[in-house]
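Next up: the structures, one after another.
Two complexes follow with chain A in common, the first pairing it with chain B and the second with chain C.
And now, the complex of A and B:
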């Protein structure tokens, strides 16, 4: 446990002092601020401010464009960078289990990504202080869904990062996987029959739009997102184990 | 302490290591010699717990690396080839992190970091970032990392690479002191003088197979190589040639005159070196130098590959 906590703390610290992580954070705040303003100026939201969370977290560009790209960028240093620089070998020869290494890195990335969401929450608070009549159940529900989605994308990003010492491949692979997770179900969700049903059961923006952003805690979506995150963490662990056999 | 039995590692069709046996006792330094690609790093990586063997056994302090990997890793200090620490961390931060990673309690960590830093002369560098250190100090940080938690076994992969002669000398002294304190040390190298200086025994690998193990003298005898000795006198004289001619018959050696004051002696039986020395001393010749010419690694290695059974 001491080794796990030590690694988790070191990963959080490394992100906190990483200029790249803060550039990402800055770009995220900038783009989210712009999206927030765009959303506020749409006619539907101007008519009813309660529609802002679904607009931003559900069908809006935040989920479709920004969210799949940022977590893998944050994850590249976790394995790909360590492998490239040569610090992975000392880490994996320390007395710590491989799965603890994966989990510590993942949880550190999750904690740091909460800072990203903190900025978005601040925008809602500013709107509230300026007299905006917000439905906080929808705001917090939407944010919960978006945070869970980002945690899922961090897990896919971590998995992609474990495959290569090439940073571009690591980040690009993770982002590509995330876009596939979003767009493939969207392509088939209107199909009738089993394919459409499967696609609808995997369509993340639907969960966010109709569930979380409506202020509802969708247990299926919760299990789906957490389960898929666990699957990618397991795959990352398997990759780490297999790397020992086939470097 | 450090032990392998029939250790084998295959990467698909590539046989990186084939049935290698080795053993390092507490307080012993074993030099692992061989050219690039011989399997030295693979052996050390298996012993460090980084790679699993395809077959065979590896253990540290009696703990099997496959079945008790975590416990075995706690008993091992490992310095990988081309050691690197995260550039964003200061030396003290890195060592504190590694001490915690090795399971030391938070109260023990500062004292342990101070202990290894003092031992390796790193105290003035503790506040510097790793990226600002010279190669020599980076290696020291790597060794300090390996020493955290006071493990009984040390695995050092090419610990002298990139060090200048002064740093090599310091590093050798440190390793000798560590062996004196009872640690079992296995280090790899492809430079014979480094190994000769500190290794108590040498093991030579070639194409993933152990070719020979023993002291350098053992290896020379094993190869039936003649011991080559250099004799230099302060003044020339016929008396010297007479003494050498008489001794040559009894002690079975040949000699050639290099110039009028020095001779190259080739002794067939290594064990008769001291007898020859005594004979020269008794003859009261004006000897200013009497030393053994050690074979270079290339020659020794070539002989081993060509002559010794695999």
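And now, the complex of A and C:
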């Protein structure tokens, strides 16, 4: 446990002192700020601020474009870069279980990603301080959904990062996987029968748009996001374990 | 070889473990998607973000094959003028409640949201499958029956004002209540029976050139159409429909019809200009107490053209009715006015008011132009032009009558007298909204305004300085500070 905490702290610290992570954070804030301003300045949102959370966390560009791309970028340094610079082997031979390594890196990424969402929350607070009468159930619901989605995308990014030392492949593979998770169910959502039913039960933006952003927490959506995150963490662990056997 | 074999075994083991994990996750998701294990927590302070207990209970009573489809198409342009947020707000509310309905229905309800972003093929398929008409927002289907909820049924909207550029806005909404009403109606399984009388020379409800369209419309609106010879066979019907009549009633049917009316049961009678004069006379006697009846003749109007008013053409008998010609006081026509519908009534005879009794109220539903006349048969046939024997003026095309107060068995004695039979036959497509609305009223199911609640709008009207501050902080402030921190970290690490 002590080794796990030490590794987690090391990972969080290394992100906190990484210029790359802060550039990523800055770009994220910039793009989100622009989306926020564009949404806020539309007549519809000005007339009813309740429409802002669904726009940002549900059907807007944040979910469809930005959210799948950023978590894998944060994850590339977790395994792919360690592999590239040769520090992964010493880590795997250290007296710490492989799964603890995976979990420590993942939780560190999650904690750092909360900073990403902290900036978005700051935008809503800014609005509140300037007299915006926000529906906090919708804001916090939407943010909960978005945070859980980003945790899922971090898990897929981590898995993609564990596959090779190639940073582009790690980030690109993770992002591609995330886009698949978003777009494939959307394509088959209206299909009849089992295919349509499966697609609807995997449709992340629907969870965000029709559930979380409307101020409704759905147990299935929570299980879906946490379950898939756990699956990708397990697959990452399997990948690390198999490296010992098939380098 | 040994190392290869070991690698292969370990590789297979890894793949097996991964397959097990995926299977476990799928089973976990399947289990948690089961109705009993799925819960939704409403975070809103008012508790109205999801469906009410009444609606959830009603949805849970629906059979397994039930289907709820929402069509989110912004069809009324006036709801988009001046950047109105009617559609964003409405669609936001409908989609979140649809999802809640799916979850809370215990898996019995298959919900589908079709919008302008849906793939075109799937969109067309759903529209065709559900026979969706413009204006219909939600269709609930269960056990071969269906309830249609129009956009106007769901939202009470203050229309845009073009004089001061005020956008349309939603005043109140009743999505939850409307879903609940529809589910209750379908779950109760009470289908009203409509007897279509065919024993007096009327067209058949199975004939594509006859009343098949009407029959399909009845099924769509949760009626069970039954073909009957005459009123004497209509014991278990809730509504009698007469579309034209070529012969007068036989004594037994006349007596049954008198009893039917005395029991205050509902009637839709459409006698066109070609109906038997003796039958029309008989109906005038039957409807005398109700204060309505039929006159002979063919209603004609001059056609407005570039050369002025034109008469003497058969087109004069095609009456184009805009919302100004509908009653603004009656539940049948109010939705048509709100939707700005147009009707085309082809070949109609005048419907008249008779003295009636004080127990019934009458309302003219549809009327002609003030220049209209009832063309009478000339020796050479119809000439479609006004002559001195005829009288110009506003004529009624349809009249509704009902009791002022419910009768002994709580019935309202509702009657719709329509001067056109074609409106229920070949011309049904041009008058579908009117007929649907009439059937709803006759079935005691006119548009309910119950369950209306506010949306809880939260407008934001910042001054220019505040808005500029928010914009600057969002786009420059927060990202700028973050990038500066990154730069500082980079500089420190460099040192």
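Keep this in mind: the second predicted complex is superposed on the first by the 247 of 247 C-alpha atoms of A that agree within 3 Å, B and C clash if a C-alpha of one lies under 4 Å from a C-alpha of the other, contacts with A are read in each partner's own complex, and residues count from 1 in each chain.
To be clear about the criterion, contacts are C-beta pairs under 8 Å (C-beta built on N, C-alpha and C of every residue); 3 or more make two chains touch, one makes a residue touch a chain.
Everything numeric in this text was worked out from a predicted model, so none of it was measured.
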One more residue to check, A:84. First (chain B), second (chain C), both or neither?
neither
Is A:218 contacted by the first partner chain B, the second partner chain C, both or neither?
second
Which of the two, chain B or chain C, is in touch with more residues of chain A?
C
Would you check which partner chain A:93 touches, where first means chain B only, second means chain C only, and both and neither mean what they say?
first
Is A:2 touching anything from chain B or chain C once the two structures are fitted on A? First, second, both or neither.
first
Partner chain(s) touched by A:10 [first = chain B, second = chain C, both, neither]
first
With both complexes superposed on chain A, which partner does A:18 reach: first (chain B), second (chain C), both or neither?
both
Using the superposition on A, tell me which residues of chain A are in contact with chain B and, in the other complex, with chain C.
17-18, 245-246
In the complex, chain C residues that touch chain A
6-7, 10-11, 14, 17-18, 21-22, 25, 28-29, 32-33, 37-45, 49-50, 82-85, 88-89, 92, 95-96, 98-100, 103, 110, 112-114, 118-119, 122-123, 125-126, 167, 169, 455-462, 466-467, 469-471, 473-476, 478-480, 482-483, 485-487, 489-490, 493
How about chain A: which of its residues touch chain C in the complex?
17-19, 21-23, 25-27, 29-30, 33-34, 36-37, 40-51, 54, 119, 122-123, 126-127, 130-135, 137-138, 140-141, 187, 189-191, 197, 201, 206, 209-211, 213-220, 223-224, 227-228, 230-231, 234-235, 238, 241-242, 245-246
Which residues, counting only chain A, touch chain B once they are in their complex?
2-3, 5-7, 9-10, 14, 17-18, 85-87, 89-97, 244-247
Going by the contact rule at the top, pick out the chain B residues touching chain A in the complex.
11-12, 45, 48-52, 70-71, 73-74, 76, 78, 80, 82-89, 97-98, 100-106, 145
